[in-house]
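Chain naming follows the written order as A, B, C, D, E and F, and within any one chain the residues start at number 1.
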Amino acid sequence: MDGLTQAETRELEQRMAKRQVKEFLNVFSNLVDHCFTSCIDDFTSKSLSNRESGCVTRCVQKQMALSQRLSERFQEQNAAIAQQQQGGLR
Amino acid sequence: MSPQPSSAEKIAAVEAEMRLLGEMASRLTKACQQKCVPSDYREAELNKGESVCLDRCAAKFFDVHMKVSEQLQQESQSRGGGGGFGFGG
Amino acid sequence: MDGLTQAETRELEQRMAKRQVKEFLNVFSNLVDHCFTSCIDDFTSKSLSNRESGCVTRCVQKQMALSQRLSERFQEQNAAIAQQQQGGLR
Amino acid sequence: MSPQPSSAEKIAAVEAEMRLLGEMASRLTKACQQKCVPSDYREAELNKGESVCLDRCAAKFFDVHMKVSEQLQQESQSRGGGGGFGFGG
Amino acid sequence: MSPQPSSAEKIAAVEAEMRLLGEMASRLTKACQQKCVPSDYREAELNKGESVCLDRCAAKFFDVHMKVSEQLQQESQSRGGGGGFGFGG
Amino acid sequence: MDGLTQAETRELEQRMAKRQVKEFLNVFSNLVDHCFTSCIDDFTSKSLSNRESGCVTRCVQKQMALSQRLSERFQEQNAAIAQQQQGGLR
């Protein structure tokens, strides 16, 4: 951002890339946990039933739509707050 | 020596900012998913009601975030510094 | 603590200060999450109702009192245990 | 300079792998304990039913893990990269 | 070279200690808040019953902490080292 | 692992040891939290009742058995997946 040299900008980009990987893995883990907990309830067999399998597929799709939507709201609000005030608790 | 933040400090600050935003986004997602979307997943799409609920939920989450932040600042001012949280150090 | 030079003590203090910021942000996040989850239940509007707003205020106050009280108990117990035994799982 | 990963990179990669596996194990434990073992603790041993439930639960957890992973890869290919997650950057 | 811990090690140890205490405090708070304080927040103050409950809850949390610690140490001795936790490494 | 020098292997082993300590402390904390939440429900006294104390003991034993069993399944599955495919999301 402001006042960084080229080398610093490159360094920052690398860190950001790592952070994005971490964040993605987090989102992925939460998705697995949430869809597993929500969809899996039958332990009479060790393989996924059609019902469970379908539920997981829909869960992932719906969660992605949800993340997408909340992410848009998040960015809007964030931009609005950044404009409105500087400082304070972020 | 110089009053300028070093490169390392500037980068650390941007990184910390990103991390905070990422964590907040993930907490927002968790909170609003719980409030607005039933966990039976009979449909793969968000329906109209869920979508509207998520938008309002996000707005309220931000409001609560601001409100709590202001309240803590007032408390910490009226107590003069340190604050009422004994934990953490 | 024991056996640190002045420079080391300064380094330690800086780290502690960072740790306290982190800890504070954690407490803050938990407070937001808990008071949001406990108080917000009406999604017919996008702004906080008076009831919700009042609930959040009381929630923050009560949680601070609770943290304060548990923190005192924590420090007492910790001191007692530190005296009573050295080593073992901390 | 060289296309070879440095020692530091190799070590970091193994460490990251260990951390991921450790986290996955802990999430698996949490999920399956909740599904298979009642929390009243009247017995100190796992009974037959609980043991079988845990084995199946672990298998299903892995299946869901793979399934979600594949689904995300498909989605991210069909959208061409970045993916639908706006968070975290 | 020397058997003395280096400055970096001493500082890291104190830091780790602080982190552990901070995490324990936050887990204690979470556990006892859930046990003792209803989440409807009709009052801003802790009432007498809640306060007494929190004090007892904190004492019991410490007791459970010690008890679990002792039990794990016994188990790990009777098994000779490594312990029954296969996870994490 | 493959292609590490002796010094690197030693460095890696030290890191692994640290990671194991961290992991153990995590398991320990989760155990305390889970057994506390599951077993403690009486706040008419500040010391553990016999019932609570027995429950905690059984909880720890059962959780260790559970961890042990899931850990075996985890390693089996992990080995199977590692063989079956390389790459993809880990």
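What to note about this one:
Convention: contacts are C-beta pairs under 8 Å (C-beta built on N, C-alpha and C of every residue); 3 or more make two chains touch, one makes a residue touch a chain.
Keep in mind that this is a model prediction, so the values were computed, not measured.
When every chain is reduced to the mean of its CA atoms, the largest separation from subunit B belongs to F.
Repeated interface, listed pairs D-F, E-F or B-C, reference A-B: D-F, with more than half of the contact pairs matching by residue number. In this assembly, E is the chain whose CA centroid lies farthest from the centroid of subunit A. With centres set at the average Cα position, the gap from subunit A to subunit D is 16 Å.
Per-chain CA centroids place subunit C at a distance of 14 Å from subunit E. Centre to centre, using the average C-alpha position, subunit A and subunit F are separated by 26 Å. Of all residues in subunit E, those touching 2 or more other chains are 18, 20, 22, 24-26, 29-30, 55, 59, 69, 72, 87-89, listed in ascending order.
The set of subunit F residues that touch two or more partner chains comprises 16, 19, 23, 26-28, 35, 37, 39, 57, 61, 65, 67, 71, 74, 89. Residues 7, 10-11, 14-15, 17-22, 24-26, 28-30, 32-33, 37, 39-46, 50-51, 54-55, 58-59, 62, 66, 69-70, 72-73 of subunit D are the ones touching subunit F in the complex. Of all residues in subunit C, only 1, 3-5, 7-8, 11-12, 15-16, 19, 23, 26-27, 30, 34-35, 37-39, 55, 57-59, 61-63, 65-67, 69-71, 73-74, 77-78, 81, 88-90 touch subunit E in the complex they form. Interface of subunit D with subunit A (complex): residues 20, 23-24, 27, 30-31, 34-36, 52-53, 55-57, 59-61, 63-65, 67-69, 71-72, 75, 83-89. For subunit F in complex with subunit E, the touching residues are 16, 19-20, 22-29, 31-33, 35-37, 39-41, 43-48, 52-53, 56-57, 60-61, 64-65, 67-68, 71-72, 74-75.
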